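Starting off with a structure, shown below.
To keep things simple, chains are lettered A, B, C, D, E, F, G and H as they appear, and every chain counts its residues starting from 1.
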Amino acid sequence: MSLLFEHMAALQVAVPLLSAPVCSLLRGGRQPWFLALAVSWFAFFASISLLIQVLDSGDISYHMGNWAPPFGIEYRVDAINAFVLLIISGISAVALPYARLSVAHEVDPRRHGQFYTAYLLCLTGLLGGTITGDAFNIFVFLEISSLSAYVLVAAGARQDRRALTAAYNYLVLGTVGATFFVIGIGLLYMVTGTLNITDLAERLPPLVDNRAVQAGFAFIIVGMGLKLAMFPMHTWLPNAYTYAPSTVTVFLASTATKVSVYVVLRFLFTVFGPSYGFVGLTFEYIFLPLAILAMFIGSAAAIYQTNLKRLFAYSSVAQLGYMVLGIALGNVAGLTATVLHLFNHALMKGALFMALGCVALRIGAVSINGVRGLGREMPWTFAAIAGAGLSLIGVPSTVGFISKWYLILGALENGWWPVAVLIVASSLLAVIYVWKIIEAAYFGAAPEGRGPVSEAPLEMLAPLWLMVVANFYFGIDADLTTSVAGKVAATFLGGGS
Amino acid sequence: MGAEMITIVNIVLLTMLCFSAVAIMLLRHLFAVAALTGAFSLLSAGLLVALDAVDVAFTEAAVGGGISTVLMLGTLALTQRREHRPPRFSLPALLVVIATGGALIYATSDMPAYGDPNAPALQHVVPVYIEGSRNDIGVPNIVTSILASYRGYDTLGEVAVIFTAGIGVMFLLGRRREDEDDEGMVRHGPGNDPESSEPEETAS
Amino acid sequence: MVHIVGLGASLFGFWLLMSGHFGPLLISLGGASVLLVLYIAHRMDLYDRETFPMHLKGWIFGYWGWLAKEVFKANIDVAKIVLAPSLPISPRVVRVKATQKTDLGMVIFANSITLTPGTVAVDIEGDEIIVHALSQELADGVLNGDMDGRVTALEER
Amino acid sequence: MKHHLILRVVSKLLIPFILLFALYVQFHGDYGPGGGFQAGVLFASAFILYALIFGVDNAREVLPSKALRFLVPVGLIIYALTGFAGIVMGGKFLDYDVLAQDPQHGQHLGILVIEFGVGTTVAAVMVTIFYAYAGRTRDVDDEDW
Amino acid sequence: MFIGATAALLVAMALTLIRAFAGPTLFDRVLAVNSFGTKTVLLIGALGFLTDRPEFLDIALLYALVNFIGTIAVLKFFRYRNLGLSSAESADREEID
Amino acid sequence: MEMILDIASGAFLAAGSFLVLVGTIGMLRLPDFFTRLHAAGITDTLGAELLLIGMMLQAGFSLVTVKLILISLFIFFTSPTATHAVANAARTMGLKPALVSDEDIEATSVRRGSAK
Amino acid sequence: MSTEMALALTLLIPSLGGIAIAWAGRYPNLREAVTLITASVLFAVVISLLQQVADGGAPTLMLIEVLPGLPLMLKVEPLGMLFGCVASGLWIVNSLYSFGYMRGTNETNQTRFYICFAIAIASSMGIAFAGNMFTLFIFYEILTISTYPLVAHKQNAEARSGARLYLGLLIGTSIGFQLVAIIWTWVAAGTLDFTIGGILRDKIDPTMLPILLALYMFGIGKAALMPFHRWLPAAMVAPTPVSALLHAVAVVKAGVFTVLKVVIYIFGIELLSETGASGWLIWVASFTLLAASLVAISKDNLKARLAYSTISQLSYIILGAALASSLGVLGGALHIATHALGKITLFMCAGAIYVATHKTEISDMQGLGRVMPFTFAAFCIGALSIIGLPPFAGSWSKWYLALAAADTGMVLVIAVLMISSLLNVAYLMPVVARGFFRPAPAPQPVGAAVAPGARFGLAEAPLLCVIPPCLTALGCLVLFFYADEVVDLLRPIVG
Amino acid sequence: MLDAILAHYNYWLIIILMMIGLYIVISRGNLVKKIVGLNIFQTSVFLLYITLAKVTGGTAPILTGKPEIFSNPLPHVLILTAIVVGIATTALGFALVVRIRESYGSIEEDDILAAERAEEEIAVKEALS
């Protein structure tokens, strides 16, 4: 057992990685799903134990192949990536019980083995990209997750052919982003000679004025910006989330962009450090306006959507704007907000997309028109949408509120008045699009020709409600999440070089 | 003398690469593009040899000249052989590209010079790899020892990537001629699909 | 069976030539590799006279010598044409009767035609090879039957 | 129907040597350029050549999809299990030092095994992808063709 | 000596590339690319000697192979659009066996 | 001996380079696809082999020579095959050779495909 | 029963009641019994706390610490006690009335109605007993959201758009301004606990105080300060019990209650009067007061008129707060109670008229007083109380306000109060006058089929619609005599 | 001398190549061409890495027993991985193109967008009706 804990960092990724090929060997039926479920739960368990370990006894460094860093690849777990790992594996652990029926409904039964294999690969990639302490290794694992994500998105083609073009666009932009990231890493390597993040952080300070470093910074940020759908580079996201199968949307929306945000944070704060002049300038002159534009344009676009999945996809663009804004604020509160929102947004979008998956299971397409009057026929599902929607708006006692609280705190700390006002103004846009749905579901008349609709099965409702309850629980008792996030933020700003 | 020749070779090859890239951009016959892509890969592989990256050249030739050309041909065979729209100028694209190129050119001014034996990249980790490959691992090919041992974990990821691609292509293109797969894949979305009336299985 | 052993032996020779390392590990890996290749070749149904032309024995080298001479001559001829400012070409498409009995012989003949610049075997129809020639003289070099005869002779020995 | 004659004969001659060349590259990655990945691609290209000349159906008879479906994951599993072997034998993940009596042998063994895994998966994936493309029939004949 | 050969090969490659670009038919391009490949093989050989590391001829060998397969692939795909059309060819094959 | 080898290999290399260049020029100068085939043939056959022989002479008896021989053999087999394949494809797809009299063309009936 | 327990029960009882109502939804009688019992029990619990507060105690219940320094906390103080009593007490009356009204008009979705009502009351209790601004804000938002289904109850296009405006304005202002203000306060003061004398002294630049105050005042959309008053008339599409809830029991009262809380416990009266930061508010409130009254006169729809009346009346309370004197605050606080009683009477009467005759326009009500004498009498009393004539409760609050204005030397404010009282007369009395003194049009209004007392020539609404307004009208009278007790209770808040 | 001038010349050419590749990705409407552009773009990045690894007078990083200067092997390793990622992406991209063609009957972005817009309009109309 001690062996297990000693190698937990490696097992966190290696077990899902091994399980993926095993999954592809399985023959149909429930087996692939069951394997994915077991692995997800193991990963969840591993991430919890890692987080506890980190909080108890400081950073964990695991040397792959027993080669000391910076020569070999190092797994470096500190509070932030333990936290992100927890988000990823937690969402996966909740999403999989939900997945079985939804996937059975939306994906060709003969491809379930491949589907869950791709899912496990995606999980592996996200976990691996998060946990690693090596810049290039991030690229490799993010590409595993991206490639499998393209496949997973394209799996929606059975429902709607637009999944294919969505996946294609995602692929092109994702690859361009990854390549930019690689260029950035190359430039950094060129002048420092190392790929290990800790080592990079040590070797960069004398090179502040080096133009290659600055360009490398820009490339890394733009590359990851593409992957995280930072505002003008978000074009792949809405369609990809809209046409992917429900489970995939749940998983990707809650985790994939989060990991990219994490990578950005890691580079901004651990590797470069906000004390660099150009980093600060980026915050103020690039991140800030882009984040605000994202918040407003994303929300505004969401208001005009008729497809609910796309509506929430656009809302994700806006929410990512909040995370970027938190970074742009550049102080502890802002950063806490970003880290918190990684978690909180995963909770609310996970719940919302799960609920939409339940609706899709019953009525097929999820348009604003289609859900009219469904509130009475699927009370639990729509109550969940309402609950998670409130969280999205940022109503107090939900997680969304906590994030916004810290964001505004951060803005005020900087004395950025208008920003604080804009933050609240943008959450008002969220009221509009969330309420559009509530109103249609509860106060609209059912469209003609729709027969009676039954409530989603318990197997899907239970995970959904777990997420909704979490939305409220962590909104009322935010102590755990905020203390971790606050600790992370403080480390970044204080301890980070 | 040899070294300078290599430099010249580099530049000539690079120029040819640029030329063939432009040709690829301009040509509308996609099979011709495929053929040129093959040439492009061979050229870049040649350049890689000139730059001492033999392993990479090996891979690039096998992958770029071989597999990806074949894949592209396969795609063309299943789609179309001509680009319908004539090449058109795109200002936003140009601006993005210029910004990217500008950033890189900006960066070049502080980069170590080409071939600089004192470049920082050579000083830090690499000597350990060379010695380690000689003594600890005992593998003459340093690239292999880094690839398989020092950074073996990256390579594990790399295999996973390839595996993902395999799973993905199987997922997307499936096997329609397989005996066990006697039913056609469901792949069309609703809507006005012009080919939906075509039989899924085309006997050969 | 002869073919299998012959192919195996030549494959193993190929391995040794390529390898240059003769440690027990690599030799045994080589052996295993050869066996694997033989197995695949068996599955591919490659064991026949085409794959391993043992019956051609050493005579082929004599033919190659002659062919080298022809190729050399033809090269000079074509080079002259290419470099001449007036570009004196008069392309011809001719049919050449091939007298070989086996596919392999036919292939050797056709490839020999292609190898000599100035003539290219464009197609094989029945026992006729359709040849594109750069000029009448070059076409005549094929049409005179010299090469055909030599290849056929190679086959019969 | 003999216009493939030349191609067929020459390919038959070449394919065994290409396959062996691939295996040579696989096992000589330590000494010269090459390794599992390159070998896998080469190995696959031999099959692709075979499929090009003799048709995909014949290629499928030689290397059935079922076998491929098995081989694709197996390479990765071999690699990953090598990693776990490191843990089980008292080292870290992917630690080859502990695989044999002394570190250098361990490293050799480890590299050999993982390269084999890489080669297997890569070759299988490449052939799979090729089958997937080539096995699909075109669905439209338009004026483009 | 090798420098001269290298230079000549480079010039030849550049000219071949022009043909590959100019076409006009696909076959011209394929021919040019094939010829280009051969020259690349030679160039690699020459470069190996130029840098005193001639043991990299494995790469040249690989190139020759890839070049061949690539050419065949272009022609096959262009002629048949896919490779599922093997029934005729299997008949072909049985005829020989 | 060294000297002689050097000179010999130099000569081979020079001749090979020359032929490669000539072939390339031919590919540019000649008027149509079928005639260009012949020019390409120069490069692929004698040009390539001469260059390879030049290299072999430099390398002496070693692994390198063995590999060079293998390469030359490989080119020897594949190059005419590839040329033939291209020519054959062009013909079957209906590409007509330029400057060839009509009766010749008729004698070689087109088998497959329509005019491109 | 410990006080903590009682405090927790004030939240739990209505919540559990809501659940019980949902469970009993299929049996209307049981459902309504549950509602009534819940309301009564709640009132009893609230009253049980009263004595302790009157003795100067401050029962406190710490729920949970959401963020460091930001707990969810309940704490009873006199002002909250008053609001708690008003809300829980009027819930009983309003419930009774609802039974009659909802049955009388055959509304659909009645279970949802009662559930949401219970939740709204629960959140009102939360607002009343909130120990800090953060807790208050949470319940404030819950109140908004739980009343949304009530406003949209009819589910037709009009109801939906009205509800949309209701929700939009309330959520919009609360998140857009109030939340900012709260966070600002927290950043500046490091706490949000309600403290007598305020928490902002020396914590914030005095020049910024008016801005912060503005953020609060406009952020508390429920107080319907112009220009954020539109939601109130829009919400008139709701059934009358809902309007009563909005105007008298919970929503607007929660708004002005919050205003008072902010002024008293966040800013502190002294700080405001020293810095004059609330000077602008006096004029905004006065403007709202007069403008709303004028609009009210122009409305023919009775409920719309009452709605604008509410807007105007709320500004009295805001005015009281803005005057930043202890008398003003007392007056304002007292007005919460008096106006609640008065306005609920008026609304219930309007509803009773609608149930009985389906009439909504004042011009149609000629002569109705003769067939519905109880209703119109109650209406008359309510109106008089609102106008501020003795011996009705409303007179006291206006009295205190006028005193405060005189105290602070705001002569103009006194004038405003006078004018507004005249305007009150102008828009309220015509209803009474029309009902009693104008002859009915020729065809007698057809009363509801079950109208009790029909044989006496009366056409009153069902009993359950008539008794409650009579009760509250009585309350207006009673409160006039017990106003001193209320003021005594409130005294501690002004130190 | 020559080297001094050429200190960064290689880089510049690679950058130009990169720009061409990126331009193809963004500006071409043909889905196959886009992927080809992506390949060119990636290849140029590979070249960038390999160029930075080159050491003048160095040789390929394979130990020969003689003391020698080696080019930097680490970028080679990284690029090997990157090439694999590239081919994986290409394969997937092409597979998607094939499926898109089967579904839409075209691989031109304009046609596909037009088809999608038409579908979208129908959906919106339904929503409004």
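Everything below uses one rule, namely that contacts are C-beta pairs under 8 Å (C-beta built on N, C-alpha and C of every residue); 3 or more make two chains touch, one makes a residue touch a chain.
Remember, predicted model here, so these are calculated numbers, not experimental data.
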item: Any chain in contact with chain C as well as chain G; value: none
item: Contact-graph separation of chain D and chain G, given in steps at minimum; value: 2
item: C-D against E-F, pair bridged by the larger set of C-beta contacts; value: E-F
item: Interchain centroid distance [CA atoms averaged], chain F/chain H, Å; value: 32
item: For chain A paired with chain H, centre-to-centre distance based on mean C-alpha positions, whole Å; value: 26
item: Inter-chain centre distance, chain B versus chain D - centres from mean C-alpha coordinates, in Å; value: 18
item: Contacts with two or more other chains, residues of chain B listed in rising order; value: 52, 54-55, 57-59, 62-63, 66-67, 70-71, 74-78, 80-81, 100, 104, 108-109, 111-112, 119, 121-122, 125-126, 129, 140-141, 143, 147, 149, 151-158, 160-165, 167-170, 172-174, 177, 187-189, 191, 193, 195, 202, 204
item: Where chain D touches two or more other chains, by residue; value: 2-3, 6-8, 10, 13-14, 21, 25, 31-34, 37-38, 42, 45, 48, 54, 57-58, 72-73, 76, 80, 83, 93-94, 96, 129, 132-140, 145
item: Where chain A touches two or more other chains at once, by residue number; value: 17, 20-21, 24, 64-65, 136, 140, 143, 147, 150-151, 154, 157, 161-162, 183, 189-190
item: Residue ranges of chain D touching chain E (in the complex, touch as defined); value: 1-2, 4, 7-8, 14, 18, 21, 25, 32-34, 38, 42, 45, 48-49, 51-58, 134-138, 145
item: Chain D-touching residues of chain F, taken from the complex the two chains share; value: 74, 77-78, 81, 84-85, 88, 92, 111
item: Of chain A, residues touching chain H in the complex; value: 136, 139-140, 143, 147, 150-151, 154, 157, 161-162, 164-165, 167-168, 171-172, 175-176, 178-179, 182-183, 186, 189-190, 195, 306-307, 367-369
item: Chain C partner contacts - residues on chain F that touch it in the complex; value: 19, 22-23, 25-26, 29-32, 34-35, 37-39, 41-42, 45-46, 63, 66-67, 70, 76-77, 79-81, 83-84, 87-88, 91-92, 97-100, 104-105, 107-108
item: Touching residues (chain side chain A, partner chain B) in the complex; value: 17, 20-21, 24, 64-65, 67, 70-73, 108, 110-111, 114-115, 117-118, 121, 124-125, 128, 134, 136-137, 140-141, 143-144, 147-148, 150-151, 154-155, 157-163, 180, 183, 187, 189-194, 203, 210-216, 218-219
